[in-house]
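I've put the structures underneath this note.
You will see chain A twice below: alongside chain B first, and alongside chain C after that.
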Partner chain A sequence: MAHVSIPMYWRTIPQRYKMIGQKCKKCGSVNFPPKGVCKYCNESSDFEDIGLSGKGTVHTFVMIGAGGAPPEFVEQEKAGGSYPVAIVELEEGPKVIGQIADADPKQVGIGMKVSTELRKVYNEEGVIRYGFKFVPD
Partner chain B sequence: MPNALNRAIRRSIALYEIGKAGVSLICHQSERSFRCTLGADALVPNGYIRELLFRHLSAQASTTRVVRDSGDESALELAPVYGNEGMNMKKVAIVGAGQSRYGDFPEKGIKELFFEAYKDMVESVDKGMDPKRIGAAYVGNLGSGGFQLGNMSALVSEFVGLPYIHTVRVENACASGGYAIISAIMDVMSGAHDVVIAGGVEKMTDVSGTKQKYWLGVSGDTEFERLAGTTFAGLYALIAHRHMHQFGTKREHLSMVAVKNHKNGAQNPKAQFQREITLDKAIKSPPVAYPLNLFDCCSTTDGASSVLVCDAEIAKEFTDTPVFVAGFGTSSDYLAIHDRPETVTLEGTKRASKKAYDMAGLGPGGIDLAEVHDCFTIAELLAYEDLGFCEKGKAGQFIEDGRSQIDGDMPVNASGGLKSKGHPIGSTGTGQAYEMFNQLRGTVQKPTRQVKGAETGLVHNVGGSGGTVAVSILRR
Partner chain C sequence: MAVGISGYGVAVPRLRVKKEEYAKAWGSFRAAGVKEKAVMGFDEDVLTMAAKVSRRALSSVPISADRITRFAFASTSAPYGEKLLSGTIITNIGAPSDAFVSDHTTSSRAGTEAVIAGMEHLRSNPEGCTVVSAADAPKASMWKSIEHGLGAGAAGFVLSKENLIAEIEGHASFACEHFGERFKSNSEDLIQDLEVRKFAQSSFVGATTKAATNLMTSLKSKPDDYAHIVIQQPDARMPATIAKKLGFDPEKLVKGSVVSEMGDIGAASTLVGLAAALDSAQMGEKILVVSYGSGAASDAISLKVVGERRASPSVRTEIERKEYIDYIQYLKLKGAIR
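Take a look at the complex of A and B:
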């Protein structure tokens, strides 16, 4: 039993590997992750795919402890202790959730500058899932 | 369409065109035009025409109705419609309510739990009620771990002796029960049935802790929030941390919510945790998802609840002291917190309560007490602000000043809330209505928990981290 099944994961690979967002041709705003209709103007489905820089600023974060980790992340928590998960406001405008890696917990703070790297997320159903994580910039 | 039309009306000159087929409304704008065709007896939803064209009509009108259309623009007659009146919609009352004990009951499944609540509800009807009168049952449920995912409402209905009725499982995550109530209200309003059950049930302790986290953590944005390594504690912690950063809300403020709700829950014989906790204990409990610790989080619970909703015209057949539905509203929102313009506001709560306040013809000041969705302590602080009990950012001060205590000016969660009473997901919304029914009638089990003289109460039920919200306003 997995949360994010292999096909469900596979469909989002462009976002996870390359941070492909959608620039709305009507209002110019950037949606990430993708929407059917632009979440800023709510009027257009006419998008241009653009690769995001992956750079941004920590908007808020949480330190996930033992009781707060989903089962598929328990192994990570046991091995490395509490891990930070942040909502990051990207340079291009949208906010997105992701883990922060390679950071001293004391160093993580709201307003911290981060960039994005492709990392292993976890191994489920015998398939290693890779995706973006934030690292201190 | 409504939004576009609203914007157009605000910026433009509106004209009528009367055609034989009915009434047409054309709103001209310089570069675009919107056309809204209405039948001769059309009901125009609130906000379309009222704002600009019919200001002479009472602002209390919920809709505007064309009462006469002779084909002549100047002779077009329109009338305001107040509440449900004129739409031939029924007024709605609640005449009974029941709840099982909330807690961990290995000996009971969803059928037995639902039966316990149902029996309690039937017994609560002062003048008695023949179950044959029940025409429908809306049952809130998240799926009870997946063991009875399909047809569960038919199962629990036939188990309690209601085999041949209209019954539907209502699912909107933790707001399932709140939406079950609103489904029941709309059913009775429409005249489809005159006696209807709004119930809720959840069996959460049959599954292991690990499976529970698999099951429960997938009512948010699964693809991104879950794959970032969060459960709901983590998501609410993201909101809490931003709230602390933006408004100076202290960690102690979160714990004060837990202390208050445990104090109230200690007076509730049906609560899961009937014991008080100290502020020190709450603050020092183990971290789960910083800034949230163990005592900031509600538990997993087995339980059921049920309220009896009926046409207000027949309410006196059941009791001399019915509780009336004064208003209700719901709103959805972006599921993922990162997709929302504001992290520290549940827009769904703001919009759902605005609709309920408007329908009831009052504001937050007209509410005497509230049962709000405190799945995590931060959620209760957000509710104070988003329901309008205090300004945005001032919830920390609100709890610190004791205003939401039972003897405060806005008692919140006199039942103990989700935190102490328990959170059997599908039952939570109907359980809030059970508490409010008793509070407004002065019949809570222990007088220490009774809010004195309460006439109007609000119940607020949130699904996920705010993806769905249901609000109802009840009045005795």
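Take a look at the complex of A and C:
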């Protein structure tokens, strides 16, 4: 399992629960998740926090199934069936990876409008790891 | 100045299981008047549902999350026995960390308990803003008939003194000692029920009619004053029995009745029912809400519709968004097959 320690997960709560991104004070681009140096201008480390809308468009996606799920998602795949994972282009610019929940897999497609919702991501060490997933908007 | 509901939001998980699936698996279905019930997806729990309805309730009002001074969460199916539950939700919705929060988790009456607690806060903090969120998905052993009706759903409310859509006119309660019906021991997360039916029903009917009567006496109101009555819905029969006993036309239950399509949603029952009644109630109409929790207690709340409502989506829209699953899938999602 790709182990993420409790403190490490806790530090990502602003991103996972609230979609807090960072706006580069030099070039104005929005980074999500946060970076040490702006990935767009590669020059500045001066950011301000910005709450993202969570809305975006599916750039591309893949269905995870047939035993292909990473260890922490095996139970989800067994209980709920195959699930889509997408790269979503957020309306503020960044492209992020996330599961698409609550959708009929046949309806998931490139260009689909999505928004974010808090979901259970996985459970490790008896601690439920919550975080955003995309849902049809 | 009046205290009341400024906005609300609801959520019904997308999956449904029909009563016919139970008939096939067990030879019978034991929840009177329930046609199908809502089931949470693998990645949902009562906290994710509560977060969703809190956000929806906030998006229906011109009040931003940073103005929240009080948050109350209600459920009988919390994922943890000890650990703050509200923390997950307020972080997601962006409520301030200095808001006073409370978790109400030991009774199917917890929804109204949270509303009353949240409302009392506004009496001493007139500029405050309360968010109440009730989400539930009760669990019992698949071998028990009480399991048949158990569904899932959630409702959230913004309470304040501003932009009211429904004024809370008053509330009254009844509490006593009772046992043997619907309880959960500390050692497991499944509801027990000793199925002493008449004994349980007498407590249910007794507590609810007393709370409702206490309230109508103190407000000097009578059944004719109310256009709608929302009563705890473990099945479709119980609210009808109580409405009749209180002298209400059973027709007044219709708008706030959700159990036949969602199942028994425990602590969220009366609040989703209230949301459904608010979706279609006319301006000026009064609504009586009566909850029940085993052990036993009941709260009655009287409301008057005073403003236009714009909850999105409506309870009806949420109920109609669905995908059917079979009983085997249901067992897997409920964690009944280990």
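Just so we're on the same page, the second predicted complex is superposed on the first by the 135 of 137 C-alpha atoms of A that agree within 3 Å, B and C clash if a C-alpha of one lies under 4 Å from a C-alpha of the other, contacts with A are read in each partner's own complex, and residues count from 1 in each chain.
Note that a residue touches a chain if its C-beta (ideal position, glycine included) is under 8 Å from a C-beta of that chain, and two chains touch if they have at least 3 such contacts.
Keep in mind it's a predicted model, so treat the numbers as computed, not measured.
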Joint occupancy of chain A by chain B and chain C, clash or fit: fit
Touching partner for A:G51 - first (chain B), second (chain C), both, neither: second
Broader residue contact with chain A after superposition on the shared chain, chain B or chain C: B
Partner chain in contact with A:V121 - chain B first, chain C second, else both or neither: both
Which superposed partner A:A69 touches (first chain B, second chain C, both, neither): first
Vertex chain A, arms to chain B and chain C (CA centres, degrees, nearest 10): 160
First, second, both or neither for A:I87, with chain B first and chain C second: first
Chain B versus chain C - smallest C-alpha distance in the overlay, whole Å: 12
Set of chain A residues, in rising order, touched by both chain B and chain C: 76, 99, 121
For the chain A and chain B complex, residues of the former touching the latter: 1, 3-4, 8-9, 12, 33, 39, 42, 59-65, 67-71, 73, 76, 82-83, 85-87, 94-99, 110, 121, 129, 131
Touch list for chain C against partner chain A, complex: 14, 41-45, 47-48, 51-52, 79, 88, 91-92, 94, 323, 332-333
In the complex, chain B residues that touch chain A: 3, 210-211, 213-214, 217-218, 222-231, 233-234, 237-239, 241-242, 245, 286-292, 294, 334, 336-339, 343
Touching residues on chain A, where the partner in the complex is chain C: 13, 17-18, 51, 75-76, 78-80, 99, 101-102, 104, 117-121, 128, 130, 133
